[in-house]
Amino acid sequence: MSKARNWSAIKLLALDFDGVMTDNRVLVDQEGREAVLCHRGDGLGIGMLKKAGIEVVVISMEPNPVVSARCRKLKIDCIQKCEEKLRALQQIAAARGLKPRDMAFVGNDVNDLECLRWVGLPIAVADAEPEVRKAAVYVTRRPGGYGAVREVAEKILEA
Amino acid sequence: MSKARNWSAIKLLALDFDGVMTDNRVLVDQEGREAVLCHRGDGLGIGMLKKAGIEVVVISMEPNPVVSARCRKLKIDCIQKCEEKLRALQQIAAARGLKPRDMAFVGNDVNDLECLRWVGLPIAVADAEPEVRKAAVYVTRRPGGYGAVREVAEKILEA
Amino acid sequence: MSKARNWSAIKLLALDFDGVMTDNRVLVDQEGREAVLCHRGDGLGIGMLKKAGIEVVVISMEPNPVVSARCRKLKIDCIQKCEEKLRALQQIAAARGLKPRDMAFVGNDVNDLECLRWVGLPIAVADAEPEVRKAAVYVTRRPGGYGAVREVAEKILEA
Amino acid sequence: MSKARNWSAIKLLALDFDGVMTDNRVLVDQEGREAVLCHRGDGLGIGMLKKAGIEVVVISMEPNPVVSARCRKLKIDCIQKCEEKLRALQQIAAARGLKPRDMAFVGNDVNDLECLRWVGLPIAVADAEPEVRKAAVYVTRRPGGYGAVREVAEKILEA
């Protein structure tokens, strides 16, 4: 992996949802309705990024509306029920005239590998699958759902 | 325990629900409605197994509909409110022409012991009761509800 | 504390609710409705005690109906919104002709101290307040809400 | 930081909500409704403070009604959706004729820094952001949502 940790180049931060914005667990009730545990510090970090002019988007395969519900609160774009994450990410890039080197992606599981290999700054959460950690140039200290996104936001803003 | 860890023979994976697909905790609200915390990585692992032609079923004594709600989402068969788990497992085997050696069972508590002793590949989650861990030929590294089922899925698929 | 760990004498197990049957946390929603995380293994342990003829009761100061909702599921008596826990426990004893030496009480916080000092077998969960642990003759290995009650049930049944 | 740990001077305890009264996580459901995990021991500690004549208030930037729902249960004042926390705190002080040295503030994140620098007794929870811990004269042993407020209450009452 010869990618550099070029935090200062980042213009867009793309995030997987489950396992990155959450601890990868889902609360399921008797009717099959779902809920997830998100992190207020992540929300604060995303707010800071947006204020600094860095866009944040979520790309998720999960069809449950809990994904978009969280993104609405954070006022960030969300592509969910996404069968091909890399294609979605490339469309986002094309629409904004961005190159892979302008983008960071944070993932936790094997369905994030294509996106991680494509962006300039691939990031894995602390508790990502081993294969995902290997594909990343930076592994967060904090696990998904416990401030991993906040940590990434601070790294980008410090740069 | 002279059973071998014959992962490659497995054609059907049977799972207890609470403590295996969850962390054995249940959220109870003011009206007594229940909800449980499941793991997206387990869901992904079960999807991989099904794609590889390995059937996954849940066998649970718990009467609460939260069990079947989760199984509906994962599109796997579910026998719940099950007074005699071993009999249920044997009926599943008979209906499919499977032998004990074709089957793995993942459990966490003493009401899983009969099934564990019957199948060819008995598995306990990391935080199972001591007696259950003793009855298993493999104990997962991850606790129930935190990716134990995903770990089992990977072991089966690697074999 | 000269009380002996006389597990075999126990005819009734009295439990505080929050912090004993739960991890002392409460989920609060936008309307102030509450929910708590209980443990399936505790439920199984309580079922074993009842089958062995040992009664289980919950005594709680908490007014929220989540307490009785959980006890209904477990089919155990529940005295909640209880201003004077010791008096409630003494009434339970009197109604059944039981002496303090026939009873165990499991607590986690300072409002359990009176009951703990009265019963023959005072028990604290692993994460109880220091003063409560000092008043106990047995401190569980497991924290409240993570199988502490199951552990107590097994100790009583082994005796 | 030359502020002393003058616990005995405290007449009012001001608390941030998320990350102090909770573990900084938020449960989000399919409709975007939120719920948070609070701690019964914190509630008990706040009750003890009130009984001892020490006022407790919550000051939060979070707009979600879950904040005020929890405060209603605890019967404490709550200023939420608060854009300028320090100004709110100063108004609270002025209305009661209190000086900064009469007040403690417990925070966890950077939006608490102004309040922490203003009060006589600035406190950070164990898992607060590094900058926040540095601004505090006392860092709790317990993390937010796991009894940090109870710990603060005991320190104030012992003094």
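General observations
Note that the chains take the letters A, B, C and D in the order they are written out, and that residue 1 is the start of every chain.
We adopt the following convention: a residue touches a chain if its C-beta (ideal position, glycine included) is under 8 Å from a C-beta of that chain, and two chains touch if they have at least 3 such contacts.
Just so it is clear, the structure is predicted and the values come from calculations on it, not from any experiment.
Identification of common neighbours of chain A and chain B yields an empty set.
Although chain C and chain D share one sequence, what matters here is the overlap of their interface residues, and that overlap falls short of half of the numbers used. Chain B and chain C, compared by their mean Cα positions, are separated by 31 Å. Separation between the centroids of chain A and chain C, computed from CA atoms only, is 43 Å. Residue positions 27, 35 of chain D are each in touch with at least two other chains.
Taken chain by chain, the contacts form a single closed ring in which each chain touches exactly two others. Pairs of chains in mutual contact: A-B, A-D, B-C, C-D.
Listed in rising order, the residues of chain A touching chain B in the complex are 18-19, 24-32, 35, 62, 109-111, 129. Partner chain B is touched in their complex by these residues of chain C: 27, 33-41, 44, 64-66, 69-70, 72-73, 145-147.
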